[in-house]
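Here's the structure we're looking at; comments come further down.
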Amino acid sequence: MFLHRKETIMPVSVGTPDARFGQLLLEQFGGATGELTAALQYWVQSFHVTDAGIRDMLQDIAIEEFSHLEMVGKLIAQHTSKFDQQDVYDAPLFALKGVGPHLVDSCGSAWTASYINEGGNVVRDLRANIAAEGGARQTYESLMKHCEDQPTKKVLHHLLTREITHAQMFMKALGAMGKLDDPLFGTVAPDDTVNIVFNLSQGEDHRGPWNKKPFQYVTDPQPKGGFPPAPVNPDDEPAGSLAEAAA
Amino acid sequence: MFLHRKETIMPVSVGTPDARFGQLLLEQFGGATGELTAALQYWVQSFHVTDAGIRDMLQDIAIEEFSHLEMVGKLIAQHTSKFDQQDVYDAPLFALKGVGPHLVDSCGSAWTASYINEGGNVVRDLRANIAAEGGARQTYESLMKHCEDQPTKKVLHHLLTREITHAQMFMKALGAMGKLDDPLFGTVAPDDTVNIVFNLSQGEDHRGPWNKKPFQYVTDPQPKGGFPPAPVNPDDEPAGSLAEAAA
Amino acid sequence: MFLHRKETIMPVSVGTPDARFGQLLLEQFGGATGELTAALQYWVQSFHVTDAGIRDMLQDIAIEEFSHLEMVGKLIAQHTSKFDQQDVYDAPLFALKGVGPHLVDSCGSAWTASYINEGGNVVRDLRANIAAEGGARQTYESLMKHCEDQPTKKVLHHLLTREITHAQMFMKALGAMGKLDDPLFGTVAPDDTVNIVFNLSQGEDHRGPWNKKPFQYVTDPQPKGGFPPAPVNPDDEPAGSLAEAAA
Amino acid sequence: MFLHRKETIMPVSVGTPDARFGQLLLEQFGGATGELTAALQYWVQSFHVTDAGIRDMLQDIAIEEFSHLEMVGKLIAQHTSKFDQQDVYDAPLFALKGVGPHLVDSCGSAWTASYINEGGNVVRDLRANIAAEGGARQTYESLMKHCEDQPTKKVLHHLLTREITHAQMFMKALGAMGKLDDPLFGTVAPDDTVNIVFNLSQGEDHRGPWNKKPFQYVTDPQPKGGFPPAPVNPDDEPAGSLAEAAA
Amino acid sequence: MFLHRKETIMPVSVGTPDARFGQLLLEQFGGATGELTAALQYWVQSFHVTDAGIRDMLQDIAIEEFSHLEMVGKLIAQHTSKFDQQDVYDAPLFALKGVGPHLVDSCGSAWTASYINEGGNVVRDLRANIAAEGGARQTYESLMKHCEDQPTKKVLHHLLTREITHAQMFMKALGAMGKLDDPLFGTVAPDDTVNIVFNLSQGEDHRGPWNKKPFQYVTDPQPKGGFPPAPVNPDDEPAGSLAEAAA
Amino acid sequence: MFLHRKETIMPVSVGTPDARFGQLLLEQFGGATGELTAALQYWVQSFHVTDAGIRDMLQDIAIEEFSHLEMVGKLIAQHTSKFDQQDVYDAPLFALKGVGPHLVDSCGSAWTASYINEGGNVVRDLRANIAAEGGARQTYESLMKHCEDQPTKKVLHHLLTREITHAQMFMKALGAMGKLDDPLFGTVAPDDTVNIVFNLSQGEDHRGPWNKKPFQYVTDPQPKGGFPPAPVNPDDEPAGSLAEAAA
């Protein structure tokens, strides 16, 4: 059961409203790397993750992300609170949809659950979460770099920080399972090609820890599969030797 | 510059075609966790990643994923090669769109680049890639579990294995940067809330490495932000005390 | 700031798990008329609605909808808890994505913020909300009709009931503004065509309160606009009289 | 069967073409609140609504909305008819896709049927239509506010007016069924929680007609559901007490 | 200006309703190759095509396609008119969304304007239309193959026929411009690589009219571009020789 | 099996980086008419096309299109390589997502497989490909028109040229089947309405090769279908004569 307090986690009070910057902020409200993605991803995972401790962690963080979404929304509302005729073509999204946040990204694309990565296995879920935190952190850094309003920047700094906190928590959880540096999980053991590495993009090749021992590096990989059976298309025209016939 | 050899990496030759299973296989051709997502994600990253070695690795793996996409496509083509009237309502997607693979998932949803996670920073990219490999591996395990055709299962086993290989490679690269178990990256240092953990979902609480020391656990978090300014909506009706007035 | 209690609003305890019915339930988790749509629509509105009372109402209801989303998710998790090989082709979505809820509808389409209707004016918002409640109620009725598990049905009955409650609340709020039966709102008065009704679909015509007085019914409407200027396409080929020339 | 007359309902003749404003106008051609949404929503409803009079009304209005879509399209074609090099970055959408209307909104997002709300019950449909009219009217007001071309503004004024007319018609139809101010519809009676209202968002609480009598206001709602069964995930790792073990 | 007659172009009267087949029929109502795609594509083109004759043709055909959409909708409405409990899991889409047509395809994916291909040049538009007709025709053939109801099949046969008629019309128009067998159009002449053909997919190579004279066939193409400058990413970490360093 | 050489087909070396132009270029990287659409469309077709020669052609061209995608990506990477604070609101997409290409179009909409047209029949596929080439060529012309950097323009000229080459190849292949100017294909013969042409959009009518002989032109088409059965909606309210009753 959800509950809500109208006060925010930390103060949100924009100094100088700037509708253009408000449009950029939408990236973290209704964008791919935004707070809604994080909140819903972790929360949906909590329905199938069976480890009680990790489930609790997922829910704790999900609820915090909802509260962050609220803070980003408050920033956008304040940045668009002086919207006027001069802003029409600088921040057109608010000219037509109205001021305040909407569930679209900074380009006006509607948020989609296709951004979410989860399902079936807790290791997969936690790895997806570290990735999500990385994306969110990166966008906050971009926003901070382009932000000229100090009170806004302070909120963004806090939100960026929390992504690091959450990444750390997910790493700790994966580490406790021994899955932070072990790619294996699930119930299927790999076959005997697991240590082979192929040099498939040739030119300016480099070697590093990802293709040296224990990996076996194949410098000039060749197909081993032969030609699979030609397609049989019961819907298609009777075919055969059109090319030759036409020639 | 891309090149192509019509032979496949390993043999792809289905034993008993089953259009229903072919529809499930679409999940790895045109689905969120499928080979197209992986191929394009790594390849797009290669355009902005500046470390020459990691860029080479991303391209090597991307090209392999394209080759895997081809193998999944061949499996689907063969599984639908005997499609007939009896399959119409069991695998309706092929009844209308024709046999062979299409760029949709097993539910018929078109592939979208919203599945892709990349941009701005190599650490973020590599974390996204470990997550992508986790999702792909998980779906292959699900497919293997429901697969009754041994030659198909062997191909799936190889494809699952390679996801582990790639995850291992990405981990090695992250490890070489010291970023496998360190959440920090980029140019912004966290603020002083980085070690705080909030118990926001209450009941059945658990403690673990993710909310014990060095984390500072706040059992009953309270808002510190006060009430942000009420919204000002230049587009809205003059408002005020409707509730009280109406009452 | 959001808070969460792990207990649910009312008991959620499925009698006989049925993965197929679980797939139908997704319609109210990640579907157009589902709880996520309602929760986010009302909550996003609360950022720009300036009337303090209505804003409070929107937030109260939004939080309840999040709690309902949780209950639907719990139902799905329980209905898929016995998922086995026999369910693979009956509820394929869980076979590949894993058990428990996902943010897709019963056909596997990802939730999108395009479902949401809000912005710019509180009257518009409240009308959108009555519509949203109508859609949600309708889907719950459909689910109840096809539900064979009594404990599930009892939860669905409660959820359906609450949509009625919320619709009633939105109606009361609109009524307090005098906008329940008055189409006018905003700052632009209609022009003098406001009472004209056109009979544009001819045959089997009917008259009713919607096209009788005060409406003025035009039985055989004619265009009054003449031919607008022909298109000028600076990108196109020089054109002119192709048809005549070719003839 | 559809028919078409090339003349428009009322004159459409732009005074001073402005490609930037043309891009804003796309919101009502291929956007969420635009004429295509309205036209298709009402028309699709007409296939399942069984009341002959309301079906006729839906078709009459749908056909008018198609004619409005045409007028908006003509406005866009004329506003982009002088498109030149100076407009490239002011109205980039036309620089690449060509002049004239396209089925995208002002941000370039493709129109999607996810905007449509309909199905299963005529009361639900009519409520959805009042909401659709509200959204369309709101966007027209925004466009008028930013429009500097009088002939364009006159067309927009007419289109705004017609949304009010249609809203009025839908209200009359709902009123004739007694469903304008009665939330109940369909075949399922509500359970006994129908008059309870929860104060779930706390702080700055307000009372109004929506949470006073006949509603029963619960100021501090508590979960009554207990803890539902923990998830059982047949796909997941054997779990248990990771947190405690790790600790 | 649009007009509508409630009678259909030809009789639509299903013999034996079959909700499952109704779900397949959605492919031509709200699917990629369906009548809505055709109707809107041709109609949108008519706003920018400057040749008066071709514009008239586009509008004539667009209006017919709207009428076809109506006929497909009527078929779906009739095929779902006996929907009952037994159909719930055979045609689940109607169980939840209600009977009759909806703007989704047979898999439940919402129609999107991304299906539409148009803009900027009449030759491009007409080629897109021939392609659209080909797709529609192909889906009608698939539907006819799986259709057991003769009256339905007769309507489908007519609709398939009309796609051929339209394709013929578009071919005649292109032919009148000399663009049916000439790939050139627009204002930019090709460079001197226009006749080169590359053998980039090697193995099982074939020759035909598409890679014989006047084409110049390159059997083993080599890159001529050298290595473009390495990426410079102002957002990325200072990089350089990670691989070598780590090694 | 795919292979890759890091050198490009022809030199890609931007003279003066311009992030704004880079954003326009995204249209051919992640947009509807872009290289990814072409590459994947032809390649997916190759899985079901049974004629060996045409299959080989499809694969040859698909691989070239992947190489073109690479060249467009390199252009974008170079055009954004000097991205700085001044570019933030001119090319906002790169400010938030990072420099270099992303799989979105110039408006930031994610690439979707809904752009792809293929399936079931080789004639349909080839027609779709000629259409795809037309769209791609058109966008390249638009980009060239707005391009101020000569080295960039030279690459765009080559890419435009190759679309003509491919269109020519597809035309040759269709011609070899006799399907370039014959609308018929597949296994269903048209019914006897195939030569009728309807004048459904009235006013400013024109005649041309597309509606003269052998076509039979119907100047004032009338519905021949009568009124199909009124809808029966088992989900709807008992209906009947609401309009009359209410009157």
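Chains: A, B, C, D, E and F, in written order; residue numbering restarts at 1 for each.
To be clear about the criterion, a residue touches a chain if its C-beta (ideal position, glycine included) is under 8 Å from a C-beta of that chain, and two chains touch if they have at least 3 such contacts.
Fair warning: this is a prediction, and the values are worked out from it, not measured in the lab.
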Touching both chain A and chain F (chains): B, C, D, E
Neighbouring chains shared between chain E and chain F, ordered by label: A, B, C, D
Reference chain F; chain at largest CA-centroid distance: C
Most distant chain from chain B by Cα centroid: D
Same-site or different-site touching of chain C by its copy chain F, using the half cut: same
When chain A is superposed on chain B by its C-alpha atoms, the rotation angle in degrees, nearest 5: 180
Rounded Å distance between chain A and chain C, as computed from the means of their C-alpha atoms: 27
For chain A paired with chain E, centre-to-centre distance based on mean C-alpha positions, whole Å: 32
Residue numbers of chain C (touch at least two other chains): 1-9, 47-48, 52-54, 56, 59, 62-64, 67, 74, 77, 98-100, 104, 107-110, 112, 114, 119-121, 123, 138-139, 142, 173, 176, 185-186, 200-201, 203-204, 206-209, 221, 223, 225, 227, 231-233, 235-236, 242-244, 246
Residues of chain E that touch chain B when the two form their complex: 20, 23-24, 27, 31, 90, 105-109, 138-139, 142-143, 146, 200-204, 221, 223, 225, 230-233, 235-237, 239-246
Chain B contact footprint on chain F (complex, rising order): 1-9, 30, 36, 40, 44, 47-48, 59, 62-64, 66-67, 70, 73-74, 76-77, 97-104, 110-114, 116, 118-121
Complex interface listing, chain A residues touching chain D: 1-7, 47-56, 85, 88-89, 92-93, 95-96, 98, 104, 107-110, 120-123, 176-177, 185-186
Partner chain E, residues of chain A touching it in the complex: 142, 203-204, 206-209, 212, 227, 235, 242-244, 246-247
Chain A-touching residues of chain B, taken from the complex the two chains share: 5-13, 32, 52-54, 56-57, 59-60, 62-64, 67, 71, 74, 77-78, 81-84, 98-100, 112, 114-115, 117, 119-121, 123-124, 127-128, 130-135, 137-142, 144, 157-158, 160-162, 164-165, 167-173, 175-176, 180-181, 183-188, 190-191, 193-201, 204-211, 215, 221, 223-229, 231-236
